[in-house]
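Below is one structure, written out as structure tokens, with a few remarks after it.
We call the chains A, B, C, D and E, going by the order they appear; numbering starts again at 1 in every chain.
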Amino acid sequence: SVVIKGSTTVLPIAQATLEAYMKANKGVQISLSGGGSGDGIKALIDKSTDIATSSREIKREEIALAGSKGVKPVAHVIAYDAIIPVVNPKNKVQGLSTDQLSQIYQGKITNWKEVGGDNLKIVVISRDSSSGTFESWDHFVMKKSRVAATAQMLASNGAIVTAIAKNKYAIGYLGMGYVNKSVKGLQVNGVTASAQTALSKQYPMSRELYMYTNGEPKGEVAKFIAFIKSPKGQEIVKKEGFVPLTAFKEGKKAGK
Amino acid sequence: MNRKIKENIIKYIFFAFALVSIIVLGLIVLSLFREGMPIFKLVSLSDFLLGKDWYPTSDPASFGIFSLIVGSVIVTFLAIFIAVPLGVLSAIYIAEIAPASIKEIFKSVIELLAGIPSVVLGFFGMVIIAPWMQETFDLPTGLNIINASVILAIMAIPTISSISEDALYAVPNEFKEASYALGATRFETIAKVIVPSALSGISTAVILGISRAIGETMVVLMVAGGAAAIPGSIFDSVRPMPASIAAEMGEAPFGGAHYHSLFAIGIVLFFLTLAFNLIADYLSHKFHQSGSATL
Amino acid sequence: MNESINSSMKWRYFKQTLFFGIVRLSFLIIALALGGLLLYIVINGIGVINLDFITTMPTDSMTRGGIMPAIVGTIYLTVGAILIGLPLGVASAIYLTEYAVQGRMIRIIKIGINCLAGVPSVVFGLFGLGLFVVMLKFGSSILAGSLTLGFLILPTIIGAAEEALKAVPQTFREASLALGVSKWQTIFRIVLPNALPGILTGSILGVGRAAGETAPIMFTAAAFFTAKLPESIFGEVMALPYHIYVLATAGTHIEETRPMQFGTVLVLIAVVLGIDLLAIIIRSRMRRNKRW
Amino acid sequence: MDANMIISLHNVNFYYGPSRALNDISMDFPEKQVTALIGPSGCGKSTLLRLLNRMNDLIIGTRVEGKVLFEGKDIYDGHVDPVEIRRKIGMVFQKPNPFPKTIYNNIAYGPKLTGANAGDLDALVEQSLKQAVLWDEVKDVLNKSAMNLSGGQQQRLCIARALAMKPDVLLMDEPTSALDPISTAKIEELIEELKKNYTIIIVTHNMQQAARISDSTAFFYIGNLIEYNKTEKIFTNPDVKQTEDYITGRFG
Amino acid sequence: MDANMIISLHNVNFYYGPSRALNDISMDFPEKQVTALIGPSGCGKSTLLRLLNRMNDLIIGTRVEGKVLFEGKDIYDGHVDPVEIRRKIGMVFQKPNPFPKTIYNNIAYGPKLTGANAGDLDALVEQSLKQAVLWDEVKDVLNKSAMNLSGGQQQRLCIARALAMKPDVLLMDEPTSALDPISTAKIEELIEELKKNYTIIIVTHNMQQAARISDSTAFFYIGNLIEYNKTEKIFTNPDVKQTEDYITGRFG
């Protein structure tokens, strides 16, 4: 039996693929937990999981710690994700620049009218500073500056969707898979996020999603990872709203 | 003699059980310290407690939990502000005013309500109260102090009410009779004799309610909003300590400074509950009235 | 003279009426708030509750199917918590009330135990993570979760059992000892049977708490999704409270799963309040049979 | 029995739920005299006493039949306020039951409720404590908790507390049964003293005490008033055999 | 006092923590006789009684000085098992305290656990209940809860329970104080009957009772043994003035 643990962002992909995989391979038992990217990697290092999912790259200290326990994390990129700023559908604003986003998140821009919207206060909503999504946001948008302390820090993508959907003041950001009709995705630097634009790097904020194993995967684990990377698996990735690897390859081809 | 040995063996078996319990409970405290203390090699105690910046993942990171402490204190204080009057008054209602025939039922209902899982209350606050509050009052956010406080109050009320009721019920009948026999009305007897006599139990109830509210995790994780800043009004979001632990522990790299700092927050919480319990112990001894006249 | 007495009487009764009004109002507020909460959940949740919901596995990223593994997981964890918390707690209480020499040491121990009753449940979760999951290498498992929950409810059970033991009239102990019956026989034959209702209620209330806790199992036992029921105590399980939490906050289909969220909440409340109700009924039954 | 009758019972029955505790009692209590109620345990002495100031209202499921007249008016009449009755008919209980307050506040409790002003309170407290022969022992510790007093002192405090309300009648339910001989003697003296100004009705288990302090004695047996007469007569030459058996200790 | 002395006290002091409750008591209890302990409340009667079967071991902070000999052996000796002592010296308490079990199991409880006569429990139960003059009243309801019996029946049940252990001595602490006259009479008869086979030491508040049933009487006052003599002598011509005052009801 296989244990998967880690990033909440990767959860939907992991769950949908493992359901499909188990349907095809009766008798295989796979369990899946969230908790977070750090939790997953921690579990990999304790050897309490077979696969750690992560929405960020493993950190240097984590590699060191793993090494000291005889664990050798191996990364498998299984999909791409675009991080999309989102607002309430009632908000007039259609797009922002990364600079504006940074200003808003630092608490320097505090009213929507400063960026072309109505005269409304901006309520800044962020993911928890320890989440992988936050880290990507930090990397792409904030650079070295800090998110204002007054920003709401919600513990999950789901909480952000719920909050933004009901709140006309709010701005937040989500992994692409979580953007649905109840919230409005913004253009960034004039580019609308889509699989295409993310792949072509036109859309500036996209990241890899990983599965880590201890050493090269063997047996059922290897088969499962292969399944995700297969066209069938990537079909599911796409259905869950993320950017599939295959499309990336196609995109590359198209770009050439 | 044989029986005496048997007697002793049994005694030591019980002792062993008690010891295991106590040791385990001690271990909990110990593990908190073991995992939490290393943070103080990086940050001084006063910077940790009084620092206003909580950026555990930034580079360089800041580990100041003052705003988290403030968040916990404000949310708890407000919850108590709501829960204590309601809890104590409803206890008075059940103990002294409700018709005898339905007393038992009311008491059971209150006890039942103490069992509503916190995740359910958190869910209710997040999915129902927050959007409602935000739209009705046109607030920037429904995930705020007042929402969290109301939910925590709902959680603390059964505890406060049920234990206060026990205390009121335990007030010796002689005190009541003495008061009535002097021509006091029911209200006067309740206000001047029964409640003062039950004060020890009521204060214990309140402190237990506070302890429960201050350590409650799921509710504040789901409805307090999570902003690690010192709030300007009760409609702002805060990030109480337990919420921080629960939200960040999953992501914090094992053995890192962030990880240790979360355990250190656990230590702070532990000391807070310890303080409340010591106060409760002190109060219940101070207000303790020997049940009836001692001869 | 008579007039002034009359008016002062009127004033005294007016205060009484006012006070009683306020008190009744407070009770009403609480009853309405809590009743409203339960009603809202029942109304929203009852729609999805059916046999399939309770007996099948979740499918299609939890948007369909049932919550059977979460129910089963909660039962496993709760039973595990009882197996650990009950014997330890009751035996400790017996030692503390019947054997230990009362004094400062015992008072300190009792404060310590009370203190732990107030320790945030997330801290118990951390402890379970550190000790059982990592150090003892149980991994995230039923075993680790049950142990954590068992210790979480330990202070509650010790407290309840102590109260129950203390409530057994001293005269029963004296009557037994005066017959030349030894102490442990007195404890087993007289004290324990009479304390049983109290011990039971306290324990069951503790168990209800264990069944409803989320934070302690978040790091020690709960899985987001398992496709099969666990085969050993080293397996991970789904659990109702955690399921509610993840459905409401994680996954890409939060709006679609809302009915299931309400349904799960309803099931959890039914389980926990059912356990508590059982305790209350048992207690009132036993109390009726035992008038001292 | 030629004195003025302050309380009269006419065919009174009393029920705890379905069970009758007093059967058809008719009797009068003379003003400014001591009446003793005696009889074996459970015969209804306390029940009768509590009936006289409506303390039994506090017990759920009780019921009174017949008439209980106080100063000519039926105290169980619909529009009579029991609070008013209890103010006029004070009560001292078997077990001393001071409030967990200071000595001063124990005495001041009642008068304060009925609106006595602070100036008079001090004087009233002193006067009541003096009447109860407790003043000398406690005058320096008025602000200490009443719970620290000895049993006998507590009982006298309870008497002082009742006296502070300036009642017309004082009901005492075995006021010395929990006390040591010295305290008992003091309280008996006190009763002698009080009867100059108050009507006293006292329940006692102690024959000698009844003989010593009361003017009239009523003997009850299983809810019935068996014999009621001058104390002297009861203790020297009772009319009924049962009474004689009881007071000579042939039972009980 | 020419009988065989089954229990002897030599210069016994007893302390509750720092406060002394018994002062230098020396006395002997004659076998197969009834000894009554009398004295005002709080004088140490119960304390003395509980000392004799080491029930005071259960109260924390108590201390005994002096010698308490039972059949010539000091029961406070280090290697004496208090459980054994209590089996031989039975006790009946002031308030009837049956276990919340059936009548049968109340009686059978002790014998079953101590293995004494476990062979023929039914016969033992019947015999004990007959001895306690309760058999006729309960023989058809042996499986009903003892809690449903009346106070007097409960007290006789407790006596039967003690008798079932076949003790040598029976200690009784005010066994009739909570009872009605009829029950009291029955228990007094019972004591008359029992003294043929048992040594009985009884505490009572009731002078008449002491006079009626006891062979010797000891009068205590504030922890001191004031006078100890044949009952007849004590009640007709006591040596000490205090004793006379007490039994003639001049106090208490």
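In this text, a contact is a pair of C-beta atoms (placed from the backbone, for glycine too) under 8 Å apart; a residue touches a chain by one contact, two chains touch by 3 or more.
Quick caveat, the model's predicted, so the values are computed rather than measured.
The chains that touch chain A as well as chain D are B, C. Compared with chain B, the chain whose C-alpha mean position is the greatest distance off is E. More inter-chain C-beta contacts link the pair B-D than the other of B-D and B-E. Per-chain Cα centroids separate chain A from chain B by 36 Å. Mean C-alpha positions place chain A and chain E at a centre distance of 83 Å. Centres computed as Cα averages put chain B at a distance of 15 Å from chain C. Under the contact definition stated at the top, the residues of chain C that touch 2 or more other chains are 12, 182-183, 218-219, 248-249. With touch defined as above, residues shared between interfaces to two or more other chains in chain E number as follows: 42, 83.
In chain B, the residues that touch at least two other chains are 3, 126-127, 185, 188, 222, 246, 249-250, 295.
Considering their complex, residues 3, 6-7, 10-11, 13-15, 17-18, 20-22, 24-28, 31-32, 34-35, 85-87, 89-90, 92-94, 97-98, 104, 106, 108-124, 126-128, 154, 157, 161, 185-188, 190-191, 208, 211-212, 214-218, 222, 242, 245-246, 249-250, 262-263, 266, 269-270, 273-274, 276-278, 280-281 of chain B touch chain C.
Here chain B touches chain D in the complex through residues 100, 172, 174-185, 188, 192-193, 196-197, 289-290, 292-295, going by the rule given at the top.
The residues of chain E lying in touch with chain C in their complex are 53, 55, 58, 60, 83-88, 90-91, 93, 95, 97-100, 109-110, 113-114, 147, 158, 161-162, 165.
Those residues of chain C that touch chain B in the shared complex are 12-13, 15-16, 19-20, 22-24, 26-27, 29-31, 33-34, 37, 40-41, 87-89, 91-92, 94-96, 98-100, 109, 111-127, 129-131, 151, 154-155, 158, 182-184, 205, 208-209, 211-215, 218-219, 241-242, 244-245, 248-249, 258, 261, 265, 268-269, 272-273, 275-277, 280, 284. The residues of chain D lying in touch with chain C in their complex are 81, 83-84, 113-115.
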